[in-house]
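The structure appears below as structure tokens.
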Amino acid sequence: MGERSVSQSLLQVTDLRVEIASRRGIVRAVDGVSLEIPAGEAVGLVGESGSGKSMTLRAMLGVLPSEARITGGQVMLDGVDLVQLGHAELNKIRGTKIAMIFQEPMSALNPVMRVGHQIAEGPQVHLGMNRAQSAERALELMRRVGIPDPERRFRSFPHEFSGGMRQRVMIAIALSCEPSVILCDEPTTALDVTIQDQILRLLARLCGESGTSLVFVTHDLPVVAQLCHQLAVMYAGQIVERGNVQDVLTQPWHPYTLGLVRSAPDVDHPRSSLVAIPGSPPSLINPPAGCRFNPRCKFAEQDCLVTDPPLRLVAAGRATACLHHDRCLEALRTEGADL
Amino acid sequence: MSAVSITPAAGSPESSSQAGAAERAQPRRHRWYRQPALMAGLAIVGLILFLVIAAPIFTSYNPDAQNLNATLQGVSAHHLLGTDQEGRDTWTRLLYGGRTDLRIAFIAVLFPFCLGTILGSLAGYFGGWVDLVIMRLVDIVVAFPFFVLIIALVFVLGPGERSIYVAITLVGWVSYARIVRGEILVAKRQEYVLAAQSGGLSNLRIIGRHLLPNVITQAIIYAMSDIVQDILAIVTLSYLGLGIQPPAPDWGTMISDGQNFLTTHWQLTTIPGVAVVITGLGLSLIGDGLADLLRPGQ
Amino acid sequence: MTFVLRRLVLLVPTALGVTIIAFFMIHLIPGDPARTILGIHATPQKIAILHHQWGLDRPLADQYWLFMDRLLHGNLGQSLYYGTSVGGLITSRLPPTLWLIIYAGVLGVVISIPLAMIAATRKDGIRDHVVRVVPLLGLGMPSFWLALILQTVLAVKYRLFPVTGYGSGILGHLHTMFLPSLTVAIALCPVVIRSLRASMLNVLGADFVTTARAKGIPGHRLFVRHVLRNAVIPAVTVLGINIGFLIGGTVIVEQVFAVPGIGNLMINSIFQRDFPVVQAVALVFGIMVVLVNLLTDMAYAALDPRVRFDR
């Protein structure tokens, strides 16, 4: 990202690699991902299932499942590399500087613990508050996220809440120690559309108010469009395009992004036909040689089969991994710009 | 781009490479000879069965033959594991005792298996008051500790082999009934049952030919641990003098015979116990192995 | 409260059934029960007395009614051997058995939780396999045999514990009853460890544990408040199901360690052909299990808030 100087980025991920041990071999779930999260901005991370976006988030916070390991890269926060930190120090960062919210609020909350206590737990552990203080704090947070009747709801259990309310609880938990970054792992995917919208607005408002950065993982393009400033597109464990949200979605510079954009139905701009991307995601144990997207790419040429192109800056604030990104521009022009 | 629209249909939904890899990996897991637990269990039980069935090959002594000149001897060339207080060869008694105990245990497991499976299928398939009555009965029998009921029944019926079969059957059918009923409750909603019913097949035929074969695997897995339980019950009864009556050789009797000599000749009591433990281990491994095999685990 | 009441009401038919089976045992005796039981001591007068006492000359329903009537008045019959009231015998012998059951339960939990934790957190490692295989040995182990060995080694040979008995005073009980309780606990462990391990694995992989990790909750707090708290719920159910084994296991262990409890009473009465006592003890055991199941249900509801609101 050329325009901003490095020191303004809050969180910097450089060449992150995550491997998962499986029976059939080593799965390179995250294969050299680099991201910069500026202060106060929302960065979207988009891709299909299995592209490695959740793993990237989890690796940033070190909450990978037991079969997965970070095998390379750095995650710099305030000059400290989180990857190198020991367990105890990492725990101090989790919840306080970086927080995370998850996709399935029903299973993401402890079913036998009262909601208020779950929100209060962070401040108790990290901020040294006693029960009364943390309870006060929890009530305040519940009001902020829009949970009605917080005094009574404090003592409720997760199963007594609806999906949208549970997600609000998760957001309250995430905000409880005032982190500078919130990582969001598809938090609205499991919610129905009207609730989805409410939660997105809530997130946008809260982060606007407190200047918190967001990293928002989703496979849903319109959500990203609504909420984020920057966008990174992931495919097969790698980032294939990066840039400002509007730019990337209106003028994609990677065939995969183009495919994503084209296959998303859009109420406001009906297209003559929806075009799904042919083929299926590649094996992450033995990825295709050269550019990983080449088996499914309309524009693939000889050099695409040979080299695995790195992500490179091609204009101010825009990066792409496609060797022939100009073909995308051509395609847009010829097939009519109804995006 | 507007805010509200449907998610893009990018690529195929859940078939990421990992899921595909896992699906292809499953058939391998299901090859039975690749289950270490199952193989170990079969090896152990196989060896034991072989030894006890072919006992006359492995020992020339008679299990009842007393030799009062050679009592309480240690390990020697003549007596592989020594002799007991009446001069009987321990190794021989071990083998023949195993014959008795294992024979009774394996037979004893069949009656509750059959009775429980039948009652459980009826309860599960027909539901209604049949289910209510049978399950009430199950609750009541289960309320008694297994061993308490067995021992009370054996007392009432008189000691000996026949009482053991009756007592175990009367008490042991409940677990099978529960398991089979549970399986049938689920299975009867499957389409092949509906198809059979609409084809006009009689209920009996549906239960017997269609449902049971699919449902019986859980009962068989349970039967493995049930055999272990039965061996323990038989051995305990014999220890108390209520089971296999002397002079028939039996592991429980051997343990009780040897308990007076625990501080001096501990092997008399220890060895038959070890035999029970190892047999139990083998059977449990088979049960576990079968369970892993027949139910796709993670 | 309504939860408890509802459960109690459901218990009544089962409890009744227990009494019916206990009652019926006498009719399983081949031949004339009175004659069989008296054996060589049978005289026409004694047989007649027993016939009258048990109402054997009356129709079955009457007999059951007689039995239940006496039962509800706390009369469990007369011991043929001691000549005293069976109820009195049982009451005096109940405390050691209760001690044994509770002590064994506590020991079992204390042993199982750490082992299951080790196995679950180091899944598929060496420690996990050891923790999974060793209990299989326990499953096939006759408890009286284990009792004999522990007794011989720890009590007789090394004199760490008394060989038999009940002890006096709380500390005395704790000391004397340690070996018998340990024996019963070890018999219970395989099943409890297996189910605890499975439920811990389930919970460890659960999303809310990831959430808690992401919150930065330190290890021990995470384990107790989040993992354990959820993992014990299914384990309580399993414990409840196996409580019958726990209680049944006490019978034979009492015999080996000569603990003066009701299990011991039952076995001795069997040898003394004291049928009323055997019948009464069996009945007491049955009711005990029914009550313990109720307690387990209540414990489950107390632990799992999702159940409380269940229709």
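A, B and C are the chain letters, set down in written order, and residue numbers restart from 1 in every chain.
By definition in this document, a residue touches a chain if its C-beta (ideal position, glycine included) is under 8 Å from a C-beta of that chain, and two chains touch if they have at least 3 such contacts.
Worth saying up front: this structure is predicted, and the values here are computed from it rather than measured.
Peer 1: If you tally contacting C-beta pairs, which pair wins, A-C or B-C?
Peer 2: Between the chain pairs A-C and B-C, B-C carries more contacts.
Peer 1: Among the chains, which is located farthest from chain B on the basis of C-alpha centroids?
Peer 2: So the farthest one, by centre of C-alpha atoms, is A.
Peer 1: Approximately how many whole Å separate the CA-defined centres of chain A and chain C?
Peer 2: So the centre of chain A lies 53 Å away from the centre of chain C.
Peer 1: Could you please state the distance in Å, as a whole number, between where the Cα atoms of chain B are centred and where those of chain C are centred?
Peer 2: Distance between chain centres, rounded to whole Å: 22 Å.
Peer 1: Applying the document's contact rule, which stretches of chain C touch chain A when the two form their complex?
Peer 2: Residue list for chain C touching chain A: 123, 205-208, 210-219, 221, 225-226, 229-230, 233, 303-306, 309.
Peer 1: Please name which positions on chain A make contact with chain C in the complex.
Peer 2: Counting only chain A, the residues touching chain C are 58, 61, 63, 65-66, 87-88, 90-96, 99-100, 102, 104, 107-113, 121-122, 125-126, 157, 159-160, 170, 173.
Peer 1: In the complex of these two chains, what residues of chain C are touching chain B?
Peer 2: Listed in rising order, the residues are 13-15, 17-18, 20-21, 25-26, 28-30, 136-137, 139-146, 148-149, 152, 156-157, 244-245, 247-249, 251-252, 255, 263, 266-267, 270, 278-279, 281-282, 285-287, 289-290, 293.
Peer 1: Going by the contact rule at the top, pick out the chain B residues touching chain C in the complex.
Peer 2: 136-137, 139-149, 151-153, 155-158, 225, 228, 231-232, 235-236, 239-240, 242, 252, 255, 259, 262-263, 266, 269-270, 273, 276-281, 283-285, 288
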